[in-house]
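Chain IDs A, B and C follow the sequence of writing; residue 1 opens each chain.
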Amino acid sequence: MIEFSNYDILRNLLFATQWTILLSLAAFIGGTTVALTLTALRLTRNPTIQRIVKVYVELFQGTPLLMQMFLCFFGLSMLGYEISAWGAAILSLTFFTSAFLVEIWRGCIDTLPKGQWEASRCLGLSFLQTLRFIILPQAIRVATAPTVGFSVQVIKGTALASVIGFVELTKVGTMLNNATFEPFKIFTLVALIYFVLCYPLSLYSKHLEKKFNVSR
Amino acid sequence: MSLVNLHQVHKYYGDHHVLKGIDLDIKAGEVVSIIGKSGSGKSTLLRCINGLEQYQQGGITVDGKEVTTDDIQMRRLALSVGMIFQNFNLFPHMTVGENVMLAPTIVLKKSKAEAEATARAMLEKVGLAEKFDSFPEKLSGGQQQRVAIARALAMSPKVLLCDEITSALDPELVGEVLKVLEQLAKEGITLVLVTHEMNFARDVGSRVVFMHQGKVWEQGDSKTLLSNPQTDELKQFIGAVL
Amino acid sequence: MLYFSDLLQYSDVFLSGLKTTVELTVLTTILGVALGTVCATVRQYGNRASQRVVSVYVELIRNTPFIVQLFFIFFGLPALGMMLSPWQASMIALTINLGAYSAEIIRAGLASISKGQMEAAKVLGLNFRQTLTRVIFIPAFEKIYPALTSQCIIVMLGSAVISQISVQDLTYAANLVQSRNFRAFESYFVTALMYLGLSILLRFAFNALGKRLFAYRTAN
């Protein structure tokens, strides 16, 4: 058996943290892109599209992220699409992130007074102009705080990638635990690292929310 | 024999000296109207009498017992002092009847039947017997305030404190609430009310207390005081509200 | 090709997994919301020190993944001499997790109740406990009921992770079946649908309860 000093443990965990961060970033970027597209589609007010988006959201919010990961990883490869753990993790986290962001942003857009749309259209602005100059600037102001807040859920969500074998922080934690039999120390450290990643974002989100509430 | 007695009461919010040595003596059966400009300390005075606010110097007694904000004292005090708020503060999730029965059942430990009988009688008194099973939000402001009065009366308080209880009402609803108060006054209930209704203060009240800058500036028999104010401040105040 | 009919012979496995998941969900939803209510009350009305303690708990849980919390409790605590079965560890982890999230939600509900309600109860002679249970809680819960419902569903879905410490829940059943018949897609797909059904059911149950608790909204 290899001996692990505290230094070794920490070094391994911190190295794995890079993958957690990378996966979080990829999922967040992927999720934001999909969510933006879906939100834009939704704004067209086409009832069929809106229904499809709604089903999408309910499907991914109503099933476990872990199940989505299994489906992406084992399910797709069974169907003949070879996919790495990394790919499956990004794919499922993108679904997961986008479903929640679409819903969060819908709430933000809905809080804008309906009169804003009508007033702008009366002024002769086109749909896109209204969106670009009237709705988006306001919606973005409202949406920033909850979006930053949700990024914490994304980071925590990446921990599930360990289950399909992607080597990130949690996975390295379990591996180190198997090697050292020091679960208390290892999982305390793992939890602390996640905390250090997430807490500043939580604080920032709260700060933005306060700032926004004061300014209006 | 005085029912409510304040002796040299001082109250501070931080550095802000709000009540500056209040002396006031109220006897059973009196109807005392407290008038004065906004910010002169009227609400604070009432809230000190029923223990919602702590005062820093002096003494207050109700029915001969010292008033403190101590939890147990406060609950004993609740048995003798009723309070009605500007915003009614009815409990939205309870029916009118449940609002009135709540304290008699869980504080006075009355049986449900007994509490219900009291509640019905009190609602009858304020003219809302038929609203027993309605929820507060379905009532007009005037009706809600009358329920609040019934709720306070159900505890058979010795003195009823009213803080601008008609100020949040639409003008056409003020009358119905004042009528109930007038009825109570006739029955001999001790009332201490902060009010801007000068006619009511003059016609129904027995005494008017004018507060200015945290002090009892002038007080006396309601008709005399209002028709013949002594200080410039009261003259000015009466001029402004009439 | 997909062969969903291959799953039929494993319906017992699925049903027993479903049962475990439902049982744990019901239990931890009740315990978690209860814990959250206590913590929210302390956070809103308690003294400085106890507020601080609750804040630390809430922030620690909200900023770490559930799976790590679960591993910490299941693997970590025995190292301190606290032996827990997988089922016990899961129940504790889920309760603590929901407790923290619901504390934050419920506190917002408490904060939304006007000070006047508290004072009205006080001058009627209600003590603090009576004021909370009779006057404050129901309107406070009404304010945050949709958020609380969603959070309970999120925690229920998150419970899929307990299969990793071999609690024989629905996800465990799915893993077992696909390891036997190698029909991973079908197995996970059907399981995902069952979770979807559970989400809908849980929301339905919350709505039904809400209709009773907040009847004053709809009464005339």
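In the analysis below, contacts are C-beta pairs under 8 Å (C-beta built on N, C-alpha and C of every residue); 3 or more make two chains touch, one makes a residue touch a chain.
By chain, with names taken from UniProt: A = Amino acid ABC transporter membrane protein 2 (PAAT family); B = Amino acid ABC transporter ATP-binding protein (PAAT family); C = Amino acid ABC transporter membrane protein 1 (PAAT family).
Remember, predicted model here, so these are calculated numbers, not experimental data.
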* Chain-level touch network, classified as line, ring, star, complete or other -> line
* **Per-chain CA centroid nearest to the all-protein CA mean** => C
* **Separation of subunit B from subunit C, taking each centre as the mean of its C-alpha atoms, in whole Å** => 45
* Asked: Roughly how many whole angstrom separate the Cα centroids of subunit A and subunit C?
  -> 21
* Just curious, how far off is subunit B from subunit A if you go by their C-alpha centres, in Å? -> 55
* In the complex formed with subunit C, which residues of subunit B make contact? -> 50, 52, 71, 74-75, 78-79, 81-83, 85, 87, 89-95, 102-103, 106-108, 135, 137-138, 151-152, 155
* Okay, in this complex, where on subunit A does subunit C touch? -> 58-59, 61-68, 70-71, 74-79, 152, 155-157, 159-160, 162-163, 170, 173-174, 177, 182-184, 186-188, 190-191, 194-195, 198-199, 202
* Asked: Which of the residues in subunit C end up touching subunit A in this complex?
  -> 59-60, 62-69, 71-72, 75-80, 153, 157-161, 163-164, 171, 174-175, 178, 182-185, 188-189, 191-193, 195-196, 199-200
* Which part of subunit C faces subunit B closely enough to touch in the complex? -> 114, 116-117, 119-128, 130, 134-135, 138-139, 142, 214, 216, 219-220
